[in-house]
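Each structure below is given as structure tokens.
After this come two complexes, each holding chain A, first together with chain B and then together with chain C.
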Partner chain A sequence: MVKFIQKTDLLAWLEGIMRERTLVAPVKEEGVTRFRPVEKVADIVMDSGSTDLSAKDWFFPPSEVLFTMSKVDGQAVITPTTMAKEAVLFGLHPCDAQGIALMDLPFLAEPTDTIYAEKREKTTLVGLACRQACPECFCTSFGSSPFDSAGLDVLLIESGEGYIVQSTTPKGQKLLDSAKVTEANVEMPQPPAVNSVPIEGLVEIAPKLFNDAFWNRLADRCIHCNMCADVCPACYCFDIRDYTGKGGLVERVRTWESCQASGFTRIAGGYTPRPTKGARLRQRFYHKFLYMPKQLGKIGCTGCGRCVRVCPVNIDIREIITTMQKSGAKIGAGSS
Partner chain B sequence: MDSTKIIKDKARELLASKKVECVMGFERATDGKTARPLFAYTPEETERFIYDQTCVHNLAKFLLNWKDKTTAIIAKPCDVRSINMLIQEQQIKREKIYIIGVVCSGMAECSWNRVGPTQERCTTCPQHNPPIYDFLVGELVAEKEPAASINPKVADLLAKPPAERRAFWNEQFSHCIRCYACRQACPGCYCTECFVDQLDPQWVGIRHSPADNHMWNTVRAFHLAGRCTQCGECQRVCPVNIPLMLVNDELTKEVGDKFAFQPGMDASTLPPFATFKKDEHLGIG
Partner chain C sequence: MAPVRPNPFIPFTARLKDSIELTPDVKLLRVELEDETVRNNLSYQPGQFAFVSAFGVGESPFGIASVAYQKDGLEFAIRRVGTVTNALHELEPGAIVGVRGPFGNYFPLDEYKGKNIVIIGGGIGMAPLRPVIRTILDNRQQYGQLTTIIGARSPSDLVFVNEYESWAKQPDSRLELTVDRGDANWKGRVALIPAVIKELQLSPDNAVAIICGPPIMIRFVLVELKALGFAPRQIVTTLEAKMKCGLGKCARCNVGEKYICQDGPVFRLDQITTFLEQF
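For the complex of A and B:
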């Protein structure tokens, strides 16, 4: 016996949620799937595969006002952005949950990003297990899998006319109070097979390949469009600027940025520590494969495959991992 | 002989004889279906070259990174027009480039793991023969009259009242995530510092507001007026599917109508916005 919810009851549950909270789910805009607050349950793309833009949109949007500043009676008053009501992020795949867990590492570390922390606190995560694996995804390389509930408050696994319901947290349990969940004799489906990419030894190999010609050769075809960073659930570089509006109101705005942009590391006086395309491209992969594991404890990739899909010149992270391992093996063999 | 074989042989010969330092072409991508750019430096690497309808990338952009090297480039007619545009704007030197021009009958709509039908822009393209080349792949064909080359969607949009057009673009630009991939892919976008990246003065806000998104997308298009060779790279790479070619094609049409100019057809005619004639009066202002 498993906990089960019929498809029609699921929709009714979501409609109920929408009356009290902001429901954020995959929708289609001009053929692009992304997480957006929804107005109608019918707009939700239930079978989205992995969305084109990742779920980081909700916690770390492309552009957001962090706080406003105004002058009242000669005193500066700072008003941080707050969340009006609680939210439910629906339709996350296990790799999306992994992505959020990776985002937590920099944003929730001391000093905590309070705006991010508030969103995390007030958002309940509802996942949909993957019934199909994308050809470009490799979540199993990072310890996740198509039916993985890690990091989610509720996981739904489609089976027949409904979903098997798994809740792993009190937050998830509370959200399910309003759902018509029954005990049913439903068979647990088989998870789809995922093409794993071996990642063993990646962190150890990386420093040895820092000056390898490979990075410049790869950068030959990179156009530094930075889309890989934009769609990546684990890329968290950003830019901040202040804007003065009507009545002297100042807004501090944060937007996505990429370490691969030529201006990203430029400092006062015009000096750029990473002046070449190869150095900038390498930085993105080294941040994932070396600096994040060293500083925050985890490799900065979930194996969602979005960057593979979006890259206009086919810079394929799976191929890079494999090449690094092969080159590392060669270096290892040479030194022994 | 098929195009791939001809290209491989030529590339091998050019590298073996040290006539060029690098040959830019295409190889199969990791999805096994589409293509990606390949930069061959040795005769051995030329074995990886392919050429078919999936070789959609305009490699002219990469010439900008190679100013001091002698380079051979596999180029379709729209790519050759970009090369002409870059020569004309004194960004690259003709004598440094060996053009392997390919006669083109249209490219496929390609994205990751998917090869679709012929691209829309190719169905109205006026140019099937590369305007210049050092080596030709394929047989030259008779060209269509330019009159048949206007994107019909431009006329449809222009027939609508201004308010409707504005609403259409506001909606389209609202999806923009300001990744600037359109700029990065465009051979015509080579400013050392793009206006959108300038801090002092700051021309465009970084926030994704309707006004700032409109500003970026409109100015990007205007900077390409009379320079765009309609290679379609901006639209191909856009991650949120903004129909950028629609605005580019409209500007191409305006420049064509007013100045009888087609960008990149040769490297010597000055583009309309790089020249001024005293008797020129267009009824503007």
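For the complex of A and C:
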């Protein structure tokens, strides 16, 4: 016997959630599947596969106002951004839950990003298990799997006319109070097979390949469109700018930024410590494979495969991992 | 440390008290935090930095050019190089600005007590070194000889000129000025800073060298200091990097597993040489 919810009851449950909370779920906007607050349950793309943009958008959106400043009687009045309602993030897959766990590492580290922390605290994560593996994905390389509930408050596994319900946290249990969950004799489906890319030794080999010509060769075809960073659930670089609106209201806005952009490191006076495409492409992979593990304890990749799918010049993170390991093996053999 | 704020992106509001032209493109801005409690509790160390906001245009990080014990507002020497610095230059006394900080580590002046100090500053790089000089001169007996080498592109680009006399006349203190190009009134040295270091034959015995300036200057200064026998542990500098948050998150100043805003900006040379990448 397992806990089970019928598909119609699931939709009714989501309708109920929407009355009290913001429901964020995969929708299709101009051909792009992404996580957005939804107005009606019918808009939710239930079988989205892997969404084009990751679930990080809810916690770390492409642009968000950090605070506003207005002048009243010659005094500055600063209004911080706060979250009005609690939220439910619905329909994310296990790899995106891993992405949020990675995003937590920098944003919740001291000094805490309070805007991010508030959203994390007030959001319940209801995940959907993967019934199919994407051709590009390799989540098992990072310890996750299609039915992994890690980092989620509730995991739903599609089976027949409904979903098997797994609740792993008190937050998830509380949310399920309003759901029509029954005990049912439903067979647990088999998780789909996922391609795995061995990642052993990546952190150790990275420093030895820092000056390898490989990075410049690879960068020759990079057109620095930054798409890899936009779709990545673990990329967290950002920019901060001011905008002045009508009536002199100043908004300080945070937007996504990518280490692939030529001006990413440019300082006053024009000096750019990372002036070449090769150096910038290397930074992308070294931040993920070496700096994040050393500073925050985890490799900055979930194996979601989105960057593989969107890169217009076929720069493939899986090939890079394999190439680094092969080069490492050669160096290892040569030096021993 | 700054008092705990509900949101680390929100600056303290402050008023511009003075805006003094130091060179044709550098102004010294003195600002006073509006909240009295915050103002009285604010402490910072030489080498730390803060973000200054020109609301509506943006904020940028600047080394704090004042000393905390002076209790007379925060000072920033700001060179006009971009949109934010342009906006800050345009502000009149009384204008509202934002200040977020202090951030970063600082020059460990307590460790340097009893040592001979060599200070090398190029151009606007003198801004974070000014509180170092002041702290040493205000506690003169606790430190050994003080040699300050200041360079600029031209005589009119030298900053804090009206303070040089008080810096030079202290016991055991010398001040060496140099410019890349002289002008009709310039009677002093015309040379690059590395050449001056070579000329002065500074002794590395019981000494520490504190450097700030453009990256190219730092690179060649290091060559000369090494030639004189300065060990990497005796050389300390402050690194400039693109920064947006100051909180170790935006990753603009990320170099290796370090964030210059949190782990720096002050680094000893033996720490910098462990970086895979040159910054």
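Criterion: the second predicted complex is superposed on the first by the 334 of 336 C-alpha atoms of A that agree within 3 Å, B and C clash if a C-alpha of one lies under 4 Å from a C-alpha of the other, contacts with A are read in each partner's own complex, and residues count from 1 in each chain.
FYI, a contact is a pair of C-beta atoms (placed from the backbone, for glycine too) under 8 Å apart; a residue touches a chain by one contact, two chains touch by 3 or more.
What you are looking at is a predicted structure, and each value in this text was computed from that prediction instead of being measured.
Annotation: superposed three-chain arrangement on chain A; chain B versus chain C shows no clash, the two fitting side by side. Of the two partner chains, chain B is the only one that A:227 touches; chain C does not reach it. Once chain A of one complex is fitted onto chain A of the other, the partner contacts of A:119 are absent, as it touches neither chain B nor chain C. In the superposition on chain A, A:36 makes contact with neither chain B nor chain C. Of the two partner chains placed by superposition, only chain C is touched by A:291; chain B is not. By the touch criterion defined above, A:277 reaches chain B but does not reach chain C. Touched residues of chain A were counted for both chain B and chain C, and C has more of them. Of the two partner chains placed by the overlay, chain B and chain C both lie in contact with A:241. Touch criterion not met for A:93: it reaches neither chain B nor chain C.
Taking the two complexes aligned on chain A, the least Cα distance separating chain B from chain C is 5 Å. Taken together, the two structures place residues 239, 241, 243 of chain A in contact with chain B in one case and with chain C in the other.
Residues 29-31, 34, 36-39, 57, 61-62, 65, 111-113, 172, 175, 177-181, 184-185, 193, 197, 202, 205-209, 233, 236-237, 239-242 of chain B touch chain A in their complex.
Residue ranges on chain C touching chain A, taken from their complex, read 6-11, 13, 34, 53, 55-60, 79, 81-82, 85, 96, 98, 214-215, 240-242, 244-245, 247-252, 254-257, 276-279. For chain A in complex with chain C, the residues that touch the partner chain are 66-67, 69, 71, 75-76, 78, 80-81, 106-107, 109, 111-115, 207, 210, 236-244, 248, 250, 252, 254, 257, 259, 264-269, 271, 273-274, 279, 283, 286-287, 290-291, 294-295. For chain A in complex with chain B, the residues that touch the partner chain are 29-32, 52-53, 62-63, 65, 135-136, 217, 220-221, 223-227, 230-231, 239, 241, 243, 253, 255-256, 263, 277, 308-314, 316, 318-319.
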